[in-house]
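Going in written order, the chains are labelled A, B, C, D, E and F, and every chain counts its residues from 1.
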Amino acid sequence: MKKIEAVIKPFKLEEVKDALVEAGIEGMTISEVKGYGRQQGHTELYRGAEYVVEFIPKVKIEIVVSNEEFANKAISAIKEAAHTGKIGDGKIFVSEIAKTVRVRTGEEDEEAL
Amino acid sequence: MKNKFLALLTLLALPIFAFAEDTLNTGDTAWMMVSTAFVLLMTPAGLALFYTGMTRSKNALNTFTMVMGAFVLAFVVWIIAGYSIAFGANENAMLQNVFGGFNHVMLSGVSWTDLSGSYPTYVFIAFQGTFAAITVAIASGSVIGRMKFSTWMVVVALWGILVYAPITHMVWGGDGALLFDAGALDFAGGTVVHMNGGLAGLVLAILIGKRAGYNTTAMKPFSIILTAVGAALLWFGWYGFNGGSAFGANAIAGLAVLTTTIATAAGAVTWMLIEWFVYKKATLLGVASGIIAGLVAITPAAGFVDVTGAFILGIVGSFVAFFGVVKLKKIFGYDDSLDAFGIHFLAGLWGALATAFLALNDKELLWDGPLKESGDRMGQFWVQVESVVVVGLWTLIGTIIVYYIASALTGGARVDEETEHNGLDESVHGEKGMNL
Amino acid sequence: MKNKFLALLTLLALPIFAFAEDTLNTGDTAWMMVSTAFVLLMTPAGLALFYTGMTRSKNALNTFTMVMGAFVLAFVVWIIAGYSIAFGANENAMLQNVFGGFNHVMLSGVSWTDLSGSYPTYVFIAFQGTFAAITVAIASGSVIGRMKFSTWMVVVALWGILVYAPITHMVWGGDGALLFDAGALDFAGGTVVHMNGGLAGLVLAILIGKRAGYNTTAMKPFSIILTAVGAALLWFGWYGFNGGSAFGANAIAGLAVLTTTIATAAGAVTWMLIEWFVYKKATLLGVASGIIAGLVAITPAAGFVDVTGAFILGIVGSFVAFFGVVKLKKIFGYDDSLDAFGIHFLAGLWGALATAFLALNDKELLWDGPLKESGDRMGQFWVQVESVVVVGLWTLIGTIIVYYIASALTGGARVDEETEHNGLDESVHGEKGMNL
Amino acid sequence: MKNKFLALLTLLALPIFAFAEDTLNTGDTAWMMVSTAFVLLMTPAGLALFYTGMTRSKNALNTFTMVMGAFVLAFVVWIIAGYSIAFGANENAMLQNVFGGFNHVMLSGVSWTDLSGSYPTYVFIAFQGTFAAITVAIASGSVIGRMKFSTWMVVVALWGILVYAPITHMVWGGDGALLFDAGALDFAGGTVVHMNGGLAGLVLAILIGKRAGYNTTAMKPFSIILTAVGAALLWFGWYGFNGGSAFGANAIAGLAVLTTTIATAAGAVTWMLIEWFVYKKATLLGVASGIIAGLVAITPAAGFVDVTGAFILGIVGSFVAFFGVVKLKKIFGYDDSLDAFGIHFLAGLWGALATAFLALNDKELLWDGPLKESGDRMGQFWVQVESVVVVGLWTLIGTIIVYYIASALTGGARVDEETEHNGLDESVHGEKGMNL
Amino acid sequence: MKKIEAVIKPFKLEEVKDALVEAGIEGMTISEVKGYGRQQGHTELYRGAEYVVEFIPKVKIEIVVSNEEFANKAISAIKEAAHTGKIGDGKIFVSEIAKTVRVRTGEEDEEAL
Amino acid sequence: MKKIEAVIKPFKLEEVKDALVEAGIEGMTISEVKGYGRQQGHTELYRGAEYVVEFIPKVKIEIVVSNEEFANKAISAIKEAAHTGKIGDGKIFVSEIAKTVRVRTGEEDEEAL
């Protein structure tokens, strides 16, 4: 099984979710994260004190799929839906998952997804 | 009350004639100063929280700043010229219909010892200034999330001069003023404040266009708790708004205090029940909305109606506003972000018209007009219609003009797409609503 | 003050006799209108924030809605029938002990020109309505996190009629009313409001049962900042509560303003010190709790005691409430969610009883009763005990009845398990407290 | 107004002489009780929110507790001895310059029937007590994030006796008091409250040292929304502060209400414009800061100046405070955490000095002094300078002494490094600002 | 070494933590996430606008253990404690960890756990 | 490619970020998490109710690097910068990443980092 982690711009979440669902992926877990990279943050201003905000709000999507095929579908879906062409669009990382369990039923691996 | 205004205006116009009966009454003075403070609190705390809680978190500070900034700028404009235009007495009878002139620019010709009836004229000026300032702040609710802050500031300044001050003059400007002479009943600002501000909001919302993603993405409120606190503070301040519009600590003020409380409580209960029947859920935003709808609906009538009238105004006011917010907006598809039009205009309109039928036929309460003179309710109704139409048209045209000037002066009224996406807090103000 | 009540009641009952001395005083009227607004602010802003901050985040909106919804509904009920029952004069002498009758339903028979002493009766009605509404709202604090909103609304409506109005009649209802005749001293509502609301809370808490996970899971407050702001607004509004209970801008009101401030500050300092000695930490929730304990303790005595009395009431009030909240609740194991009983009932009880010993023996301050008549403190104490017992029993029985009716009408009083787990905000109201 | 003070003091010192003209006026009494409530609200709600919003989230509760704790303790100290020292009349003429003595400890010798002019002395005492309590609370803003809560409590208690009470006596203490006799003009506390509190803050900030990471790490405010709400509540309460300092519901109070509103609105607009020109952004914290700067600047002059004077005070006040906050702090490198010095001291100083030139030459407004007596503005200016210097020196020395005593009594004034790192909420109070 | 990531219902956190501690697992890291899956979200209501909340609050637990045995213990503990039998109980994912370091001591791998 | 996940004390974030940037690592994603371990939490106090806070606020840093060398650099940088010597300094976990994609450009693997 494969795990896809994608860090994207927050306002793209809805579109990415829709694209994934369309690609047949029906489960995912998201979290609010902050990114540091080439994209430059803005400056915050409090009574003359200027703070550069280097960590930029992003959303991380985690998806576990049963095989390479689904992984590729997911990657294409995200690549397309999250794309704006501007710096900071984010990254997708793929890694290996050894085992999956569905808590409700105890089903394992492919069946649990 | 009309007599108070008359006395005041005479006093201002003819400072030579001192009225024997014009001595300072400490109780009235205390009440009017308190009322001024109460109405002040309504904007930078009440309305600001009410709106901030309803906006998306990324625009929370922008929303607060638009309200607070509008208040301070509008008050400065009021002192510089608004008061003079609204409450000055123009020597040209034609102009006096709509425009009080520039005699009192920067309050020239008014001294700290002058009285407006039984309390200092300076207090009257401050009290009325808080009305001017809240009215334009109400309009901000319709354009939240997409208007440049600079454009908004220009709108505020111009609108106070071109729209608010003349309308106030027409309705409350004393002898020779258009709707005042016609005999319009507007106890505390149903037309002057709520219809006016609500309609200006709608006009601006239509001119500037919808927010990106309107109707396709979820636009969740930052925190309804803030909105509810704002509603509570508005309610509190409204005792100054309606009670202070009796211009003294008298029985009419007492009546206004009671009817205001009744209409508001009834409006809130009504909104809860409507939601319960429609959605099987009563929401806090609903209770808060019902409170505002009730407050707005009673405003033009607070010192004219009795207990039953107050109940009717509040209950129907909630139905009208609910309809405006839930149905009308969907039907016409405009993006009145925080429902300034749906609540303030509609409930204000309802109150202004219903006053003709619900006002007590009691000469001690009524102002000059068909109802007082001859008990002619239909005649009074047509006067109310006239005042609604005149105020509406003036606001409509005036706000369009103001919008285009402001837009031109600030290089377009709308923020760019990216700013709108990221939220105005970050780009426009460089602050964040909350750093946990 | 009792004389004011008498005058008022006579006026209402026998509107034919006009008292020469009953003319409107603008200073008194201003003060009573301000007091009304102040007390109003206490519930939908003060108490709502105080409670919302203390509840778990998943129940924050529900808590706010329970308080705000209770306020608006209870006020409507007050106008419809509560006022009549509480302050009407029943012709049947037996019934007059506890029940003022239905003469003034929907305020019939009261005109905007009527005076209650030196200010409009309409203001008196609004003022007393805010008392009725806050009392039931206080009780909500005990049942937060598990009661259906619909059940709560039914409780509010019935309780205002069956419990609050009769108790108010007994204590403040004028000649022929049970505890009024007995000479009970309750300046601003120690028994009528605080014991009453606090005990109703406890009864409801016991009847509905504990929250799931009570004493086994951590129930962390949403935000003590909100609670502290709520306490500050309550303190502010309490000047209307206690000061307004002098029914005029007079020296007794001035006394109440000072004693209220002293007892509150002393109560807060005391709670800080207790925490410091017990836990080596002073918490903000502690300071806020001490403020409320001090305010509640001084309420029945605010216009009767001197500086020393105020200090004693505030200091001991904090000890009593601390004991109630930290010890008593553990000993008996009831789940008084936000400590309505622990603070309002206990500090109110302490204040009501202590008044017998701390009230100044000054005929200009005292109301008719053993202390005024013969300086008989023990006699006064037994009257205070009587009033505490009578009010307590009425509340106890009345609240049980109200609970079972409300529960029956709404198909059970308690939300289902899943709703309780997920928090009431989501399921009951369909809103979220904060969308960051 | 000075006459009011004189009447009061005479009354206190010579209770045998009853003045025929001293009868209670209900309007004045209503206004003074309202003013007391308004000023009360400023501290535990207004200032507490203003500061809490600006602090880092890990110190939010600590900030709130420091303000609220300071208020309640300082008020208790005021009743015990502060009032006596400030407003007592010392028989020793030499001591009377700075110290009113202990005659009225625990308010002994003052009865609830005593009047201070036309309203109860008890109200005067409560009103002045809220001034005493806010002054020390202002100073907390400079030492947030590093001072032990126990040390702070000791500072509060001592400072109220050793610094605040004598300074108040000097300026407002009646015949024989140093700066009162000199003829200093300080309408509502520019020197007594704002310079005093602001300078005490700076002194404490320097003595305790900078926060760890000052100038190297980002110290982001918890929530500017809270700060803005705090500013709005402060503005509201300030009507009691400045308006109540006319000691009656009279034309001078009306003047103060108007000038206060003008200066504040002008100050806020100014700060927005400065930010716009310097940073191309107007921030909400900026608007809020401009509001406070305007309010502070008008305080010493509120009942002395006209419309133009109010504009000048507000506008320049914002420039001065902006300079203090943005430049001065950087130049000298002290860590005035929340800018108590930068805003309160500097704008207060500006107001106090400018009063000499902007006060109207109107004998009905002015207090005894060079300007009233002979229209001598330079003479008045030197009196203002004298009062600024005397107050400044007393605060400077007094605060240093108080700091070292408090530090010694509590085993060092500063929390340990880890506590500072983790935030004071967790370690000092054991609470969290928000549990989402 | 194995990493176990479990997404569970928030109100089960306390029980799961206790079960893990009992199973001898003494370190873990948790975070607030939102899940999308078969479980249907509720509807939010704001002035007549209804929003379906598709992302449901969940808690993610991450545990790194030294071997298969502990991994299995952890999985059983979570499976049991997080179980309600209703849709949305969550999932458990297992993957491989190549290296572990304890910052305080510099200890590595098994010793660091 | 390697993924480094480090759980550290929040107030060390700035220093760790600087150390990583200095070590040539220019992209990272952080999130707020809570940790359970040997470090004892504090006690919270609300009206006499005392709650032991067992989950302590931490920050998680995720970094994906192209090879072992960079991974080691990152580990040393974190180890040093996050170190206080007191319990609770945190842990570093290393795992394998199979694939990386940059959303903006579609670049893959090493090029995407």
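We take it that a residue touches a chain if its C-beta (ideal position, glycine included) is under 8 Å from a C-beta of that chain, and two chains touch if they have at least 3 such contacts.
In UniProt terms, the chains line up like this: A, E, F = Nitrogen regulatory protein P-II.
Owing to the predicted nature of the structure, the values given are computational and were not obtained by experimental measurement.
Identification of common neighbours of subunit B and subunit D yields A, C. Shared contact partners of subunit C and subunit D, listed by label: B, F.
Two copies of one chain, subunit B and subunit C, touch each other, and the residues they use overlap weakly: the shared fraction of interface numbers falls below half. The chain pair with the larger count of C-beta pairs in contact, out of A-D and D-F, is A-D. With centres set at the average Cα position, the gap from subunit D to subunit E is 53 Å. Subunit A and subunit F have CA centres that are 18 Å apart. Within subunit C, contacts with two or more other chains are made by residues 25-28, 30-31, 34, 220-221, 224, 249, 279, 281, 283, 285, 429-432, 434, 436. Of all residues in subunit E, those touching 2 or more other chains are 31, 44-46, 95-96, listed in ascending order. In this structure, the chains touch in the following pairs: A-B, A-D, A-E, A-F, B-C, B-D, B-E, C-D, C-E, C-F, D-F, E-F.
Against subunit A, in their complex, subunit F makes its touches with residues 3, 17, 26-31, 64, 95-104, 106, 112.
Touching subunit C in their complex are the following residues of subunit F: 44-49, 51.
Here subunit B touches subunit A in the complex through residues 217, 421-422, 426-427, 429-432, going by the rule given at the top. On the subunit C side of its complex with subunit B, the touching residues are 24-31, 33-34, 36-37, 40-41, 44-45, 48-49, 52, 60-61, 64-65, 68-69, 71-73, 75-76, 79, 106-107, 112-113, 119-120, 122-123, 125-126, 129, 149-150, 153, 226, 249, 428-436. On the subunit F side of its complex with subunit D, the touching residues are 11, 14, 42-46.
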